[in-house]
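Input: structures, listed below.
Each of the next two complexes has subunit A plus one more chain, namely subunit B in the first and subunit C in the second.
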Partner chain A sequence: MSLWVDKYRPRQLSELHYHSELSDRLRSLASSGDFPHMLVYGPSGAGKKTRIMCTLRELYGPGVEKLKIDQRVFVTPSKRKLDVNVVQSNFHIELTPSDVGIYDRVVIQDILKEIAQTQQVDLNAKQKFKVVIINEADALSRDAQAALRRTMEKYSTNIRLIMCANSTSKIISPIRSRCLLVRVAAPEEDEMLKVLKHVAKKERLTLPDESALSIMQEANGNMRKALLIFEALRMQSPDLSSSIDIAKADWETYCSKIADQVVQEQSPQNLMKVRTGLYELLSHCIPPTMILKTITGALLLKVDQSLQPSIIHWAAHYELRMAQGNKKIYHLEAYFAKLMSVLKNFNYMGLDDDDIDF
Partner chain B sequence: MYEDVPTPAVKSTPKKSEASPQKKKPVEKDTEKPAAKKRGPSKDERAAEIASLFKCAAARRKKEGVEELDKPPGLPNCLAGLTFVFTGELNSMSREESTEVVKRLGGKVTTSVSGNTTYVVAGEGAGPSKLKKIEELGIRQVSEAEFYDLIRYRPSGGKLTEKQKEAQEKAEKQMKEEAKRMEKEEQATEKAQARKAVVAGREGIAAKRGPALSSQLWTTKYAPKTLKEICGNKGLVEKLGTWLEAWPANYKANWKKPGKDGSGSFAAVLISGPPGIGKTTSAHLVAKLKGYSPIELNASDARSKKLIQNATNVDNASLDGWFAGGGLTKDSAAGLEINSRSCLIMDEVDGMSGGDRGGVGAMNILIKKTRIPIILICNDASTPKMKPLNGTTWPMKFRRPSNTEMRARLMTIAFKEGLKLEASALDTLIESSQSDLRQVLNMLSTWRLSKQAMSFEDGKSLGKESQKYTIMTPFNIVPALIGPYAFSKTSRQTLNDKLDLYFQDFSFVPLFIQENYLKNAPARIPKGDDPESQMKRLECFSKAADAISDGDLIDRMIHGQEQHWSLLPAHGFSSTIRPAYWIYGGSSAAGYNPVSFPAFLGQNSKRQKLARLLGDIQIKMRLKVSGSRDEVRQDYMPLLASKIVLPLTRKDEAADAPESIIPYLDEYYLNKEDWDAFVELGVGEMKGETISSRIPAATKAAFTRAYNKVDHPVAFHRGELLFAGKKGTAPRPDFDEAFDEQEAPAGDEDDADAETPDPNADLGKDKLIKMPKPKRASKATPAASKAPVKRKKKD
Partner chain C sequence: MDEREGSQPSSMWADRYAPTTIADLAPSKTRISQVKSWLEEALYGRPAGLDVGVNFSKQAAERVRKYRRILLLTGPAGVGKSTSVRAIAGEMGVEVIEWNEGFEDWGFRGDVERESLTSKLITFLSRNSYSSLPIAGIEDSRPSMSSQTPATGSTTYPRLLLITSLPNLSHYPTRQAFHGALLDFTRDYSSNSSPLVVVIPDVGHSGAAEEPWSARGGADSSSDGAWDLKSVVGEAVLASPAVTTIDFLSMAPTFITKALKRVLGLAIPIASDRPSNDVVQLIAQTSNGDLRSAVNSLEMLMKTSSAALTSAVSGKTALPKKGKGSRGGGKGKVSGSKEMQILLNQIARREQSLGLFHALGKVLYNKRIGETSEDGDDDGLARAKEAEYLATNPLPNHLRRHSRPRYENDFEELLSTAPVDTATFMLWIHQNMPQFCADIDELDECLEAICDADRMKTDDDLWQRSSQAIAYAFHVAVRGVVAGLPAPVPKNHQKMFKPDFFRWIKSGKLNQATLADITRWLARAGESAQPRDSLDGMWEPADNQEDVSTNTYRGQRSNAVLATEFLPMIRLLKRRGHGKSTGTARLVAPPNMKR
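Take a look at the complex of A and B:
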C-alpha cells in the first residue's frame, strides 16, 4: 500500500496540475533535440523532482521509470571507504553527492566523469545523451562545484546535467551561467486546493473547504506535506471534519515545547534543559536551521509584540553563525541564552533596545 | 574582540608593608600579651620577601581602592599548634597564599571545620554552612585584620598547650632513639663486613667489600631492613608475607584452596602503585624475610616472550638437574641461580612493550606453570596492557603512605644525618613530590651535601624545582578555569597561565567548558535571587555563550579548509578563557558537583548513527519517494509512523496490526531493521523508548513472527554484504529448497508490468516477487528469511 502522495504523483507533463506554462516549456525543450543543462530550484515540496521525472519521460519514454539502486564503494585519497547510493534507469542516473559530506568532490570527479566518458549504448534510445540528476546541488561544496564546471562543457555531447536545489544562492555563478535556470515556485492556494480535490475525488472522499484550508495553512506551500497531512487527517477523522486539530509532527511538537520552556522561565538551569532538548532534536536528524526556524516561529506567538523584531534579529544573527560554524549546538545555545537574557531584561525593565554592558 | 578581558595587574610596584603594631589592638589581648615587637637583624630581608609575596594582591587592591592592611612577617613558628580554616575570599591574599603563610609560620590549615580547628578566618562571601558549624562548635571566628594581628603578636615558637608540648617532646625523643638504634645497626654491619674481609683475607681471597655505608645513597642506606620500617601499606605487606609462606602448600594443593582471602588460588601477585612508595623494596624485603632468594627482572632486561620462556627457565625440567647435581650444574635466569627457594620478582611489568612484544602473554603462561612464587610489579594495573593478568594474579594495590608515616621516618633520617629540617619544609617536599618517598630522600641527601638546615622556603623552592610534570586532565583544568577565584582580585594566574591550561588539551578543554559553564553561579554577580541579579546573571551566560559561539567560528577556520593553525591561541581565548571570565564562580547547585563529560561527543555520534540509519531508509524509499533525507524525516515519518508504528501501540488494533503494517513496509522496501530504526528516529511523544514501552512484548513478537513468515521485496543489495555471503563457508542446504518452488526464469513480463500504476497488481503478477504465503517447513524459515529475494528490479 502506498501513501497518497506517492500514489497520485503525476507521471507525465500533461498530468501536472499547476505551473502549466512551465510544463509547456519543458515539453518543447524535450522535443527540440537540443536539451540544455538545467538547474531546477524552488522550495521543498513544490514539485521539482516530479517535473524532472516527467521531463525525462518526455525525453526517453516510460523506460526511465524503471529505477534501480546501486551502491558504489569508492576510496578517497585518504583511503577512506565511502558508500554512495546511485539511483538509475537505463537512460539517466541520479546522484546525491552531499551524502558523503566533504568528499562530494571525489564523487563528482570519479562517478560523474566515468559516466560522462561513455556514450549512450542503447541504440533504441530516443536521445544521444544520458541525463545525470544531481540532488541537493546547493549542498555541494565549492570544490565539487568547481569540479563540475569543466565536465559540463567537455562532455556535453554525452551527458546533460539536471541539478535540483532549494536555492541558487549557494551555487557558484559559473555553473549558474552554464545552466538553464528553472524555477518551480510553491503552488498557490487555489492550485493546492485543486490537487487536494483531485486526490479526494480519486479516493472517493469529499473534502470540506474548511479542512482543506487548514491543511494548506499547515502545509505552508509544501504540496508533499499537504498531501501527507491530508492522509493523516483522514486517519484522524474519517469524515474529514475541520473541527479536529491537525496533529503536528513529532518534532514540531517538541520544538514548541522548547519554545514554551524558554518563555516560562529564564534561568541557567532552564537553559540546560533547553540544551538537552536541542541535542535530542539534532541527534534525531532534524536540521539545525529547521529547529531554529520552528522554535522561533512558535516563540513569536508567545511573546510581547514589541519583542518580536529583536527576536527575529537574533535568530538571523545566529542562523548565519550556524552556517559559518562547525558545532551547531553552540550557536543554538548562544541564541537561546541571548533570548532568555532579552526576555528577562524585558520582564524586568521593559523594552530596552540597547544591550546592557558591564 | 577581547577588550573586556582584564589584563592582570602584575606590573604595579610592590607596596612595602610597614608594620605599625602599636596602632592595632591584638586579637588575643585577653589571654596573651604582645611578646615580640622588635625584629631581628634578618627581619628586613624577611619583610621584603613577604612583601613580594603580597605585592600582586596589593597592586590589585590598590587599583580597586580597598584599604591596605599591613602584612606582618611574623616570628618563626609563631602559629605552631594552631589549626586554621579559611572560608570566603580574603581581600589581600589568595587562598594558596594564606595557606602558605600559615604553613611557613608553623601552623596547620585544614579545609573543613572540625573540633581541632582553632581559628576560622572568614573573608568575603564565607560559606554559610561553615559559619553555622563554627557557631555549633564554638570556634573563634576572626577577620582578616585580626588574622594579621595574630601573626604580629604571637611569640616565636607559638604557645603550645601542655598536651601539645608533651606530644612534641615524645615524638622528638622517639626520633632520637630510633636514630641511635640505626647508628648502632650501621656500626654492627660495618664491623661484620670488616670481620668477613679479614677472614677472607686470611684464606687468600680478595675481599669483596661493598661500598662504605657513608658513600651509599640514602635510598640504599636507609632502605627498610625490617617489616616495621616499611612506610605505609603495612596490611598489604603482611598479606604478601602470608601468601609467600603458604605458597609451597598452595602449590601442592594445586591452587584449589583459595583460603580466607582468596590468595591461595594464585601463583603470582600483581603489586601496583605510584612510583617511589616502596613496592620493589617491600617485595624484596618480604621475600628475603620469608626465606626466599629474590631474582629480579626489570625493564633493563629484555623480556620478550621467547626470553621469558627460555631464560627464566623456571619450569624447565633441567631444574631437576640442579637438585641432582647438587649445585654443580646450575640453571640460571638472567645470570642468577634458581632453586626451589627462589622467588621471581618481575619489576615494571607495564614497561613490557615494543621489543618485549607478547611479554604479558608469556608471563601468563609462566604463571600457569611456575614452581616458584612470582611477584609482578607495575605502576598502573588498570591499563589495557595489564588486562591479561587480571584473572591470573592476585591484585595488590599499594597506596601512597600518609604524610605522618613519611614524616616520622624522614625526620629520623634527617636527624641522624645532621640535617636540621623544619616539619613544614618536609611537608611541602612530600606534597610537591606527591608522596614519593624515594624522591624526597634523594632531594634531602642532595641538600645535605651543601647545607645543614632546611627552612620552609627552601623546601618550597626545592620542591618546585623538582616538581614532577603532570599532565592535567580536563577534569582538573575546568575547575582551575571556572572555579570560584579564577578571575578574582587575588588570583595569581595571568592570562598566559590560563592559556597554558587550554593548551594542556586544546581539543577537549573547550568542550568541557561548554558542557559545564551553565552550572556555575557567576561570582561577578552578587548572590541573591532578586530579578536584577537574575537578569545580570543571564547576561553573563549569554556573553559566555556568545564567546563559545565565536570560538566555534574560529575553530572552523582552524579545522576547515584553510587550516589556520596559528589561530589556536585566539581559539583558546574565545572558546575557553572568555567564557570562563564571564561565569567563573562557585557551583550554582548545593553539594558536590563533579565536572561532567561533554555530552556533545555522545550526542554527535548518536546523530551520525541515526543519520546513517535515516540514509538507509531514505535510499530504499527513494524508488517510490522523491524526497531527500530531511524531507523524509520531517514530512513522511510522522504520517508513516501512524501507519506502521502506532497501530501496534493500540490494544484494539494490535491483533490486525501486522497485516496493515507489512504492506506499507513492502511498498517502501523497508525491512524489520529499518522499522526499528524508524522507531528510534522519533522524538518527544514518538521517542523510541516511549514507543517501545507502549508496544506489548507479545504484540511485538507477533509482529516479528508475521513479518518473518513471508518474504519481502528488497530494493537493492549491498555490494559488500552479497560478497560476504558468497564467501561464507557453510553451504546453506535450505537455500535452494526454499527457492525452487517460486523461481522461474527471468521473463520480460516484469518489464511490461512496471508501468502498471497499481503496485499490488504488479506484485501479484511478478513471478520474481514472492507474495506473502505461509511457510511450509519451519526449518526453512531462517534461511529463507535471510536469503535475498532474487528480484530483478526493472532493469
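Take a look at the complex of A and C:
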C-alpha cells in the first residue's frame, strides 16, 4: 500500500478540498477546448501537482492515469550520456529536466521535438494535443528556458506545456508572457484541518484537535508534509496523543542541535563539531540552502534581537557565495564561523554593558 | 665506463642494469613475495606456502587458478612494478608476453595493422588468454618448475600476459571496450589460459600522499578527469573475485641507495671511479622514491665531467646525518653540501615535489622569519634582521595591528611543489586548519580565504579551466590562510587528518542511490499495472485494505522533497513497522523491491 499522501491524493477537480475557485477555473479551461500553456506556481506542498493531474484527468478522462515509468537516455553534443526518468501516459509526459544540471537544454529540446512531431495517436482522445509537464521549471538554466520559448511557439498545435515552479522570479519573461499563470497558494489552517479530518475519517481515526494543531504548526502550510507527519505520528502512537516531536523529521532536529552548538561555545574545536554535523546533513542529500535556512531559523530564536539583522545579513551573504562556489561545505562552515565570531564579540561587549542580559 | 658504453650504446642504465633476479629487486620483500605467490598460484594453482610434499589435486588447482586471473599492480612511477614482474617471471621460467604500443611486430597477419590500437589490445587479450600452440617461440631454458605443472599440460609452457601501457582511457568508448575486455578476461577461463598482469601507474597523487583516495575534489566527481583505479579498470573488474590488487609504495631512500650501489657496481667496475656515498645518498633522497629517475640521474651525473664532481665533493664532505626515519625521502632535510646540491640540480633538473604533509605543515605552521624553530636552534640573527626590516618599513597606522614578521616560505615555490592539485590541497588545509587557530575570529578569516578561492571554480568547470586561474586560487587560499592564522601558531601536537570530505561524498552518493530507489519504489507502489499485494501490510495494519486497485502514483517528486520530507517519514514508519534497522542508508532501502 502506499503512503497516505498518495492514497488520499484527490484525483478529480471536484475532490479537491480547498481553492475551489481555482478548481472551477481549471475545469472551465479544460472544457473550453482551448487550453493554454500553463505555469503553475506556489510554495512546496500547496497542491500544484495534484491540481495539474486533476486538470489532466478533466482533459483526457481516466486514461491519463495509466502511467508508465521510463528511463530515457540522451546524448549531449560532447557524447556524454544522460539518464532521465520520465513518467508518461498516452496523453502526457512528465519530466524533471533540472535533474541533469547544465545539460537540461538537450533534454528539453529532444523530448519536446519528439513529442511535438508525433501526432496524437489515440483517435478517441478528447484533445488533439499532448501535454508536457515540466517539474522544477524555476531550476531550468537560461539556455533551456530560451530553447523552451522557441519550442512553445513552433509546436503549439501539438503540445501544451504545464510548468510547475515554486516562484516565477527565475523564469524568463518571454515564457511567463506565453503562459497562463496559475498561483496555488498554501492552504489556510482551516483548509488543512479539513483535509486532515477527511483523511482521519477515511482511516477511521479520531484526530484530537491539539494534535491536528501541532501537525499544522509543524507543517507550516505544506499539505504533503502535514499528511506525512500525520501518518508518522499515527505509526508512532496509534492513539495520536503523544507529542508531535516523535514524528518530526530527524534532520530538522539535527539542525536545531547544530544551532545550539553555535550558541553554546565559540571556538575552533566547536566549529569542528559543527562541521561534522554539516557533513552529515549534506551527505543525506538535504539541499544546502535548506540547511542554511533551517539552522538560521533555529538560531534566530536563540539570540538577542539586536544580533538578528546581522545574522540574516550573513546568511544571505553566504547563500549567494554557496551558489557561486563549488564545495558547499566551505561556505556553510564559513557562515557558522562568521556567526560564532559575531556572537563571541557580542558576548564580550555584553561584559561591560550590564543592560544586555543574554 | 667508456668501453662498456661503446659495447651497448643504445640502452640506458635503467634498462641495461635492470635486475633479472628476485634477489636484486629493490621493492620491499613483502611485495615481491606477494607478486611471486600470486604468479605461482595463477600459473600452477598451487597455493604458495603449501609444502611440496602435500598432495594438491588438479581440480583444486584449477579452482585456485580460476580466481587468479588478473593482477593489478599500482603505485607511483619508477618503483619497479614492471621490472619486478619481469624479473620474477624470468626466474620462474615463465614466458612474458607484453603488450605495448609497438605491437605490430608481434602480430602474425598483415591485416592486423588495420585495426585500431584498442581493438588490437582487445584481440591481444582474447587471443592470448589461450595458451600457445606448441610451435610458438620455444625457449631453451625451462627450469625445473615446469615439472610440477600438471594443469598447463605437457606441450605448453606457462605464459603470462603483461600490459604496461594503457590505451587512451579518457576516450569513453575506448575505456568501455577496455573494461569489457578485462571483464571477459576474468570470466573466460580454461585450464590453458594464462593470467594477466596490468601495471597501472599511479597518477592520482604524485609521489608523496600516504594513501590513495578514489574520489577527487568536486561534489560530483563522476567526471572523467580523475584517474582512480576504478575508472582505469572498471568497477565490475575491480569487484571481481578473480582480480587481485597489489599496491607498490614509493621507495624509501635507503632502498634506492642500495639499488643505486648495485647499479654502480655493475656499471663502473673500478671502485675508485665510483662517486662517493654522499652523492649516491643525495641522489636517493632527491629522487622522491622514484628509482628509475634516480638511476637516470646517476647515469647523467657520471657522464658529465667527473672532475667537477670530485672537486665539489671534496669541498665539503662531512655529512651531518640528521637521524630522521628511513622514510624521510622528500620530507627529511636533504643533507650534503650546497655545491653538491647545485650540481645535482643541474644534472637532474626535476622539480622536487614536497611531501603532502610537509607542504601542509609549511602552510599551517605559518612560520615567520626569525621564529624559533622546532629543534630549538634560535636564529637570533634573522630575528634581529626582520625586526630591523619591520622598523624601517612600517605599516601605516590603520594597519599597524597586522604587523608581524614576514612569512618564511616562498608562495610561488610552494605552488610549484605542491604534491596534489589545488582543490585537493585546499581540502586538506580546510580539514586541518581549525587545530591551528586559537580563536574563532582567526578561523573565520582563514575560511573566508578558502571560500574566495572556491568561488573561482577551478576544479569543476572544464571550459573555464586555466592554469592561471588555478594558480590564483592557490594564492588566494594559501596567502589568505597564512594571513589569517595566528603567528606563531599554538603548538599542541596537532595531527594532520585526511579530509572528511571524501568519506562524506561517498556516503552522500550512497544516499543518492537510496533516493533513486525510493523514487522507484514509490512509482512501483503506485503503478496501476503492478500487483501490489507484495507490499501489503508493509506500511499499514492489516485491517486496512480498501480499494487497493486504484492507482495512486501521480508522477515525479523532486529529490529535495524526497530527502527532506519523504525519507525521514518513511524512516519513522519503518522504524515502527519493523523496528530493527538503524543506519539511514540501510533503513530506507524499500523492502520487496523485486517481485
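Annotations for the structure displayed:
Note that the second predicted complex is superposed on the first by the 344 of 358 C-alpha atoms of A that agree within 3 Å, B and C clash if a C-alpha of one lies under 4 Å from a C-alpha of the other, contacts with A are read in each partner's own complex, and residues count from 1 in each chain.
Keep this in mind: a contact is a pair of C-beta atoms (placed from the backbone, for glycine too) under 8 Å apart; a residue touches a chain by one contact, two chains touch by 3 or more.
All values reported here derive from a predicted model rather than from experimental measurement.
In the superposed model, A:N326 lies in contact with both subunit B and subunit C. Contacts of A:E203 after superposition on the shared chain: subunit C is touched, whereas subunit B is not. When the two complexes are overlaid on their common chain A, residue A:G33 makes contact with neither subunit B nor subunit C.
In the superposed model, A:K225 makes contact with both subunit B and subunit C. Of the two partner chains, subunit C is the only one that A:I133 touches; subunit B does not reach it. By the touch criterion stated above, A:P174 is placed in contact with neither subunit B nor subunit C. In the superposed model, A:V73 makes contact with subunit B only, not with subunit C.
Judged by the document's definition of touching, subunit A residues 1-3, 6, 9, 44-45, 49-50, 53, 65-69, 85, 87, 96, 99, 135-136, 222, 224-225, 228-229, 231-232, 235, 247, 249-251, 266-269, 271-272, 275, 279-280, 282-287, 290, 318, 321, 324-327, 329-331, 333-334, 337-338, 340-341, 344-345 lie at the interface with subunit B and also at the interface with subunit C. Those residues of subunit A that touch subunit B in the shared complex are 1-3, 6, 9, 44-45, 49-50, 53, 62, 65-73, 83, 85, 87, 90, 96, 99, 135-136, 222, 224-225, 228-229, 231-232, 235, 247-251, 253-254, 257, 266-269, 271-272, 275, 279-287, 290, 318, 321, 324-327, 329-331, 333-334, 337-338, 340-341, 344-345, 347-349, 356, 358.
Those residues of subunit A that touch subunit C in the shared complex are 1-3, 6-7, 9, 44-45, 49-50, 53, 65-69, 79, 85, 87, 94-96, 99, 133, 135-136, 203, 222, 224-225, 228-229, 231-232, 235-236, 246-247, 249-252, 266-269, 271-272, 275-276, 279-280, 282-287, 290, 318, 321, 324-331, 333-334, 337-338, 340-341, 344-345.
Of all the residues in subunit B, the ones that touch subunit A in their complex are 4, 514, 518-520, 524, 531-532, 534-535, 537-539, 541-542, 544-546, 548-549, 551-553, 555-556, 559-560, 588, 599-600, 603-604, 606-607, 610-611, 614-615, 619-620, 622-631, 633-643, 663-664, 667, 681-686, 715-716, 718-720, 751, 754-755, 759-760, 793-795. Within the complex, the subunit C residues that touch subunit A are 172, 217-219, 423, 427, 430, 434-435, 437-444, 447-448, 450-451, 454-455, 457, 459-460, 500-501, 504-505, 507-508, 511-512, 515, 519-520, 522-523, 525-529, 532, 535-540, 544-545, 548, 551-556, 558-573, 576-577, 584.
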